[in-house]
Amino acid sequence: MPLNWDLIWSSFGPIVTGAITGTIPLTLASFVIGLALALLVALMRLSRNAVVSGVARFYVSVIRGTPLLVQLFVIFYGLPSLGVKLDPWPSAIIAFSLNVGGYAAEVIRAAILSVPKGQWEAGHTIGMSRGQSLRRIILPQAARVSVPPLSNTFISLVKDTSLASLILVTELFRNAQQIAAFSQEFMALYLEAALVYWVICLALSSGQSVLERRLDRYVAH
Amino acid sequence: MSPTDGAAHSGAHGATSQARPVLSVRNLAKAFGSNVVLRDIDLDVRRGNVVALIGPSGSGKTTVLRSLNGLETPDAGTVTFAGPGTSAGPGTDLALDFSARVSKKEISDLRDRSAMVFQHYNLFPHMTVLQNVIEGPVQVQKRKRAEAVAEAEKLLARVGLADKRDAYPFELSGGQQQRVGIVRALALKPQLLLFDEPTSALDPELVGDVLAVIQELADEGWTMVIVTHELAFARQVADEVIFMDGGLVVERGPAAEVLRAPRQERTRQFVRRLLHEF
Amino acid sequence: GGGGSQTPAASSSDTSLSDVKSKGEIVVATEGTYKPFSFHAEGAGDLTGYDVEIARAVAEKLGVKATFQETQFDGIFAGLDAKRFDTIANQISINDERKAKYDFSKPYTVSTGVIVTKADNNSITGFDSLKGKTTAQSLTSNFYKMAVDAGANVQSVEGWAQGVALVRQGRVDAIVNDKLTYLDYAKTNPDAGLKIAAETTEKSESAFVFRKGSTELTKAVDKALDDLRTDGTLAKISEKYFGTDVTK
Amino acid sequence: MPLNWDLIWSSFGPIVTGAITGTIPLTLASFVIGLALALLVALMRLSRNAVVSGVARFYVSVIRGTPLLVQLFVIFYGLPSLGVKLDPWPSAIIAFSLNVGGYAAEVIRAAILSVPKGQWEAGHTIGMSRGQSLRRIILPQAARVSVPPLSNTFISLVKDTSLASLILVTELFRNAQQIAAFSQEFMALYLEAALVYWVICLALSSGQSVLERRLDRYVAH
Amino acid sequence: MSPTDGAAHSGAHGATSQARPVLSVRNLAKAFGSNVVLRDIDLDVRRGNVVALIGPSGSGKTTVLRSLNGLETPDAGTVTFAGPGTSAGPGTDLALDFSARVSKKEISDLRDRSAMVFQHYNLFPHMTVLQNVIEGPVQVQKRKRAEAVAEAEKLLARVGLADKRDAYPFELSGGQQQRVGIVRALALKPQLLLFDEPTSALDPELVGDVLAVIQELADEGWTMVIVTHELAFARQVADEVIFMDGGLVVERGPAAEVLRAPRQERTRQFVRRLLHEF
């Protein structure tokens, strides 16, 4: 592949800017909100109330069973006909958070279930309520188990945010596409965008390692 | 390290002088689906007494303990704790009738009366030894942290673990973990201590240390129910031995009688098997 | 009315023009990645292009600001439906299907479709020889339909750049597209080894698109286009991008 | 959202056809090949040879760190300049298989590690070689653990195959887009496509349940 | 169910008449990093003899067994098995010198000489009882399936598990699982059986059954090395008892001597602790 190095060099600026002003904040905001939502949904799925757990199951099924592109589309272009007109950024954050919520809910649910039942019982025997046991005993342990799968969700999210350009949010990949459209050098620009994504993911992976080491300090090695 | 009510007691082996037992269980029954696990269990434990629960696997010993600690909800029967709870519990008797619906509040009150020591310790792996011990007093009983720490340190020193204060459970041997488990229960100052096979997950050499601690607690007058397979230990520590089989109390009486000269054939068989004369 | 023109009072149901005026802006949807019609100068600079400049000029005539929203083609009509945009400036060609759903202004581009092949390909000489040949089209253009009607085996691609890449790699026989797009490409890639194998006789016309019933706004834009044509602005913009007047 | 029901009804044909002739075979072929690749990569990552495990780690990192779109583009548009010119279907299957290979490798690696060490040792003590133990003892047990996470990969793949339209493979989403482009009814068609994806994913989920029940027959319930 | 070489033997407790031991270990040494786990271990096991390995946790007992079975590679020392291997092994002595590099083939040959029974059974959970037992004979030793099945059924009947042939391990009690573990080892017809605390994961009542099976194997003349904490059992079954501590053999001799009247203070301490006189 003969690459146009001048073009690649000069387009680093816009692409990295797109990452910093678009991709990264969008990813972070959606991930944080999505995690909170996922915890809620995971607890709903674990509820003994069939309606509550049914609602949660349906939500997870729809989110995981339909394309993210369509989810974005519905929130940005579909909701206005129901009188809800959100700006691009709020729409994007809502859509990606809902998406993370669906995927991460299953991870968190599995992590909660992976904590031995004896831990709940130990919480109860010292007088804790279900909520207290969950908060102080179960979730801190579930956190450890769920870091690797959640970081997968995180890394997928980084790349998925490129879809936000469909709803007018400017980010890394959109900037690469713009330059590609001007220069007709789409291969070079896409490779360059991929490189920047890769660097972001490498940074995330090393962050994951640090976090895992921190959370692993209380288990035998 | 003494029973929290601080009352004098008549020693581990004598009959206590008090008329009303601390714990009184009548007609306790429990089934899991079609599997009837407890039928009509009666149990009285007097203050300062030690009751040993023995019996074959599946006979329902664990289910009895779990019912007393509110970890299992029986289908029928009554559980009564006498007098004011020792910690933040209510001021008078606690009487639960499982034939009727019991509320969350009642289960919670029941839990406050006793504390369980588990076979597999069930320490909180993400907390240090000290944090494990003060978690209940501080988070549940809302006691002052400094006070809880001081007390925890005293208890830890008492079981020989003062220097392990800041260790994580995984850094301890099984016997050390179980001693922390005992201290965690003691720190709650419950009316009743429940032990479910506290030494059966331990390396044989580590069993002695834990049994010694339990023996000391008995000598100090703590009220306890202990499920155990260590017959020699039961004989030495228990005021009363109860032999269960198939969800029924088959035989009960002073340790020496039940273990040395069982009246029932089933008890005799069980004792023989445990000494595994292959 | 504004801009000195004498527009009839808006009917009570059609507030399309008054809305634009009261906002002080007309929201224009465009792809931003469609050279030379809608793109960023030097790739990362300001939004510019033939359609963009014309939209700006029209807005100025209307006495409002042109605010551009860049989206992918997928979202352009959905966004118009959802009232996120007032109009589209993206070489939308007028056809019957679209006319059934939307209002169009007067055309501001008149162009022809061309069949582009490798320079050494002599097997394609006209639309009738496309039958059985493979062409690469993007969904955005109505040249897609032209190729299908000609009996070609049509492959959809993301855009012009990918389509051209396939022709140059010899993986498709031809690409049917706007002559203007090709001319712009040929200007920047003179040694691409491509040629125009045939040209349509039929003209295709592109215009601004509005929601159905935006009669007032459409009329005002038509008026603005007429004025721009009269004062030579349209021709000037066209000359700048194509070296010729493609506005009629 | 006022929907055009006639259009929706008449477009079911092409969309379902796209699913049957494009989405489903592409997904199945890529998943099977990708799994085989993933097993290989997982074993490489577990190798004590630093070079072998390093190569595997690099592969996984690149696959997971870069957008699938770019991977497809490199294989279809990029490789010809190195003299490798593949047709759309082979390109798509290769790209998606490589992608599945990267994601599933981590799942399989974790599943292999989750089998207790004692199982390897029991294999050895009855005289098995490493390979024999792996094949007869470890992998059958790892399979059980890896079904839930692999079915996540599978479900993602179903939707990811829509990207194949960018390299000229006709599938479900492409057909929906075409109809949408002609009718300008993007919202209706995208919702319809989402529904078809959802049905496919629901079918997969129930397949997953059956498989899990089968594999769980030898564990306590 | 008898040792596969079928030779007559002199009984479990008598000294054997054979001059050369089946297994002979000299100067075995092993460190994990800087942690020296075995230093200079010598061990001889005669045909039909039972050696019991006892000692505190971490003393290296398991590491010795694992080294004999090729699950651990010692740093130095020699391991010699006398005579032809009983199964598909080589025709003559097998002598490994761990001071030099040993090949994969040698490790594999070593494994064929012995079979291990694990503390946690380590049955294959995805295979039925029968499949567990015939896996080695059929897949590794390439024996005929029908023949292997017939033999497996005989062995299972022998340990009272004929009716569990098609059960999965999770459907068995711990004691039953361990008996399957023993049968799986026997089916390989090894020269030497290795037991690593075969009863310490069992419910106390289930210990007896498993010990009875091992006792029978000893009586039938199988050659065995057993790591155990069941001192009463060791006294009864073992020809020789070896007490290890800190990676060293501290004391060895006839069971009666070492267990009843240990010469070393460390041995005395250990025996006392095991009886946990708390």
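As written, the chain order gives the labels A, B, C, D and E, with residue 1 at the start of each chain.
Rule of thumb we're sticking to: a contact is a pair of C-beta atoms (placed from the backbone, for glycine too) under 8 Å apart; a residue touches a chain by one contact, two chains touch by 3 or more.
Please read all numbers here as calculations on a predicted model, not as lab measurements.
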Topological distance between subunit B and subunit C, in contact steps = 2
Which chains are in contact with both subunit A and subunit C?
-> D
Going by the average position of its CA atoms, which chain sits the greatest distance from subunit E?
-> C
Averaging C-alpha coordinates per chain, one finds the centres of subunit B and subunit D separated by a number of Å equal to 53
For subunit C and subunit E, let me know how many angstrom lie between their CA-based centres, rounded off.
-> 84
Please report how many Å separate the Cα centroid of subunit D from that of subunit E, as a whole number.
-> 46
Which subunit D residues reach two or more other chains?
-> 77, 186-187, 190
At least two other chains touched by the same residue of subunit E: list those residues.
-> none
Residue numbers in subunit C touching two or more further chains are 74-75, 78, 81, 162, 165
Which chain pairs touch, all of them = A-B, A-C, A-D, B-E, C-D, D-E
Listed in rising order, the residues of subunit C that touch subunit D in the complex are 73-75, 77-78, 81, 97-98, 101-102, 136, 139-140, 144-145, 155-158, 162, 165-166, 169, 171
Write out the stretch or stretches of subunit D touching subunit C in their complex.
-> 77, 80, 85, 88, 165-166, 168, 174, 177-178, 180-184, 186-187, 190
Parts of subunit D lying in touch with subunit A, wherever the complex brings them together = 1-2, 61-62, 64-71, 73-74, 77-78, 81-82, 103, 106, 110, 148-149, 152, 155-156, 159, 162, 173, 186-187, 190-191, 193-195, 197-198, 200-202, 205
The subunit E residues in contact with subunit B across the complex are 56-57, 200, 203-209, 211-212, 215, 229, 233, 270, 273-274, 276-278
The subunit B residues in contact with subunit A across the complex are 69-71, 87, 108, 111-112, 115-116, 118, 120, 122-127, 135-136, 139-141, 168-170, 184-185, 188
